[in-house]
Amino acid sequence: MSELGPGKLRGWRATAHTIIFESDTKAGRAFDVALIVAILCSVVVVLLESMQFVDARYGAQLRTAEWFFTVLFTVEYVVRLASVGRPARYARSFFGAVDLLAILPTYLSLVVPGAQALAVVRTLRILRVFRVLKLAYYVQESETLMTALYASRRKIAVFTFSVLSLVTIFGALMYLVEGPASGFTSIPRGMYWAIVTLTTVGYGDISPKSDLGQVISSFIMILGYGIIAVPTGIVTAELTRSAERGLASKIACPSCGAGRHQPDATFCRACGSRL
Amino acid sequence: MSELGPGKLRGWRATAHTIIFESDTKAGRAFDVALIVAILCSVVVVLLESMQFVDARYGAQLRTAEWFFTVLFTVEYVVRLASVGRPARYARSFFGAVDLLAILPTYLSLVVPGAQALAVVRTLRILRVFRVLKLAYYVQESETLMTALYASRRKIAVFTFSVLSLVTIFGALMYLVEGPASGFTSIPRGMYWAIVTLTTVGYGDISPKSDLGQVISSFIMILGYGIIAVPTGIVTAELTRSAERGLASKIACPSCGAGRHQPDATFCRACGSRL
Amino acid sequence: MSELGPGKLRGWRATAHTIIFESDTKAGRAFDVALIVAILCSVVVVLLESMQFVDARYGAQLRTAEWFFTVLFTVEYVVRLASVGRPARYARSFFGAVDLLAILPTYLSLVVPGAQALAVVRTLRILRVFRVLKLAYYVQESETLMTALYASRRKIAVFTFSVLSLVTIFGALMYLVEGPASGFTSIPRGMYWAIVTLTTVGYGDISPKSDLGQVISSFIMILGYGIIAVPTGIVTAELTRSAERGLASKIACPSCGAGRHQPDATFCRACGSRL
Amino acid sequence: MSELGPGKLRGWRATAHTIIFESDTKAGRAFDVALIVAILCSVVVVLLESMQFVDARYGAQLRTAEWFFTVLFTVEYVVRLASVGRPARYARSFFGAVDLLAILPTYLSLVVPGAQALAVVRTLRILRVFRVLKLAYYVQESETLMTALYASRRKIAVFTFSVLSLVTIFGALMYLVEGPASGFTSIPRGMYWAIVTLTTVGYGDISPKSDLGQVISSFIMILGYGIIAVPTGIVTAELTRSAERGLASKIACPSCGAGRHQPDATFCRACGSRL
């Protein structure tokens, strides 16, 4: 039973809940697989629609398929709302919002032509099905990653703010040194260039022409080449740490039940009895 | 004796098996070295053939050499098939497939001109010779790497799927924001650009022109610069772990049970008794 | 009380010190928040001023706002000088220098038009407010990072010097091999190209045209792709080490002396006695 | 006394040896500093000479300075040869070869104009002075790095060979798919492009135009973005390991003198006595 559990739901609602939100039954599992296929097909339709030479020949069919999937997902969304105990809570949850965002673009395209391109946000719906399908290992691994990233959030925030400060200062400096002639038409444009350079992307759409500009660029490049070590170091140290925790967590103390002992522990760190 | 062992093979087949599949004898070793040289030469021939100014002058000779090596490898392939106990199993193995793929392109070039370029797949054959030559250390190291990558496969899959979702969404967003004028002619093209940017390759063949497009790009670049930390962290944590396991985990103290001793330890570091 | 403590300051100076340099009082906290807002606004003004189409319409208003913030920060700087016990020491400190540099560009722009772009150095002032606001966790994290980088400074220096030697040698080599026709007009320009290539930025404004040049480039690229592992390895090893130290090294068991206990340990894992 | 010790050298040779090869005396230290300055100056002269507008005005003076330094280094080289016990061994050593290579380009430039650009190899001479100056910490750190890289050499070799195989295969594939029209004029050119892409340099001088080519490129980019984790992981794991060894090495067993105990060892792993 999911956290949005059926509560006092009866009749078709309880059945719908079991099929849509759970995957222990055969019907539930079939629904999940059908959903993944439908999502992937609808994303492919959106991609094909955006390619002019495909759209020129099969435009009508693609448009029909697009509306077919949209109506399908709309019905599904309404049934989901109807078959959860707390519809408001579902609607405000992350996946509830994604479910809504996945159907809105097509309706929006009636007013703003082209808006249906945003329907690709549907790919995010697959993430939920991953969870529902109870692909236990994958979920655990992605949770390990999320935990490591979450534990590093403050280091990452400090790092990002420092990088943005550097980008602002170097952007302004290059705007002064190079000027509009080389493409540095404003400080924000200089900041865009600084990000392109510091992250080692290097499009080459804007590049320094003057000697002084190239000296400053060289400095930024070496800096960017070096400080990429910082986020890498943060995440790696965190993953190593969580791996060690994972390593140690499997033995539980026989007398008090405490887990997560170090691999070479002889006595329980919580109650002192022999492991 | 290899896993594709000669079984009840007799006469020349048994001899061929020893020479081709094993490298304990002098003849076997000589065969392996000759094979590496032949593979490298044939790859160089293919490379030279593709260079117009070389092909214009030495085209005939190169074509002859190409056929010479192809016939040689074809004979070798047939002999291999004949001298293993289970030919079908060999033909379906990874290296059996590579051996076949290494000769097909030249025959294919009779029908589809230029197909011989694919013959460079022969470089993969060298990997087998590495193994056969019993370059023990190298094999062990590459196995350490493969094990670490294999142990991380689920984390890598989750990461790759997340990256592809991001690429799809950002590709569609940039297609809407920039439009065909800047080169974003379809969502798939926008996805191509998003991959070029997120991986920090940055060709510059398609680059954002509008202010909003450059703001979104900046965000993608910083994201790409940061999340490269994730695969790096995964592999590093795995290699560190396997290094620790390899280094120390195998012996446990017989009297106190402490593990993770250094490889040259004679006495337990925890209780002092002989290991 | 801060390290630049009010000492024997009396009257309005003591009050000013409490508000400006400390953040324990309500007034001090309000001042810090107001300062962050003022800094961000003034940086946005400088950015907008540099954009021609904005400057063309709102130039006068932006110029006024720019002078408003400059006078504000000038007054603040003078009050800071007046309300510290040792003004000279404050003026020479890192943040004292940044405070001065944050107001100079606008005055300089009276003599050198455009110099106000340098006022973006104000973003650095926010770093101080971070510290003053006692965002304890963030400060601690950034100190962890700084400590790791500081502990690695010699390894980083050796690495940077080696990279610069490589850059000089490859720059001269490519200058000889490619020559002015491909854009390698001098050795320093070749060094600029070598940095662009080794750091994997790859603008493409200068790129090798000859076969030999492309072979040498390929070598540099693979080298650059590989040696990025070195700074990453240095920082990661340092962060892993400091994480381990931080996690566990501080308490030693009083009865057996074993160290590196987990942070929540109550009993020694080696002998079982109470910590 | 250095490893190339003066042996039975007498008179001015012994004095020269002390000054040139050692740095315990005041004269030796002064010589080392003077040498670093001379090397840096001579490299700057070579750089300036390669810049046309500088060469046009100060060509004669730069040429004179270049010859002055070359004669100086030639004299130094001869004195070095004369003041070591085993001249042949010195001449064949790494730094002996660099000392010779540092003077040859200028003489070569009499025959091949422009060859003096290679004189920048002199920067490598500074590495020796680093060692001679006994910058103990820096030398130790660079040895830690070299040891880590040396210990990883087999993993790095396996990795480099795998990358080169991939580059060959993808280069040939793109040569077939894209053809000369997009700049893929031969397989070697395709391999150059594959290296530019896989290492995330991305000049953009050659870039795929066809849809299939862009799909293959996307795959290579994601691959390159991912496998950069491998060298990073190798070096980091090695540095972490050597850091741990470094951590553990400081306590020696009081009874048998064995070092490199694990940080939490209570008993010596070699003789079993209490630490």
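We call the chains A, B, C and D, going by the order they appear; numbering starts again at 1 in every chain.
Criterion: a contact is a pair of C-beta atoms (placed from the backbone, for glycine too) under 8 Å apart; a residue touches a chain by one contact, two chains touch by 3 or more.
From a predicted model like this one, the values you see are computed outputs, not experimental measurements.
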Contact-richer chain pair [B-C vs A-C]: A-C
Residue-number overlap at the chain C/chain D interface, same or different (half cut): different
Pair in B-D, A-D or B-C that repeats A-B, with over half of contact pairs matching by residue number: B-D
Most distant chain from chain B, judged by the mean position of its C-alpha atoms: C
Centroid spacing, where centroids are CA-atom means, of chain B and chain C in whole angstrom: 40
Chain centre separation (chain A, chain C; CA means) in Å: 29
Where chain D touches two or more other chains at once, by residue number: 188, 200-204, 224, 228, 232, 234, 236, 240, 264, 266
Chain D residues within the chain C interface of the complex: 43, 46-47, 50-52, 114-115, 117-118, 120-121, 123-124, 126-127, 137-138, 141-142, 144-145, 148-149, 156, 160, 163, 188-189, 191-192, 195-196, 198-205, 224, 228, 231-232, 234-236, 238-240, 243, 247, 263-264, 266
Residue ranges of chain A touching chain C (in the complex, touch as defined): 154-155, 157-159, 161, 164-165, 168-169, 171-173, 175-176, 185-188, 197, 200-204, 207, 211, 214-215, 217-218, 221-222, 224-226, 228-230, 232-234, 236-237, 240-241, 260-262, 264-274
Parts of chain C lying in touch with chain B, wherever the complex brings them together: 200-204, 232, 236, 240, 270
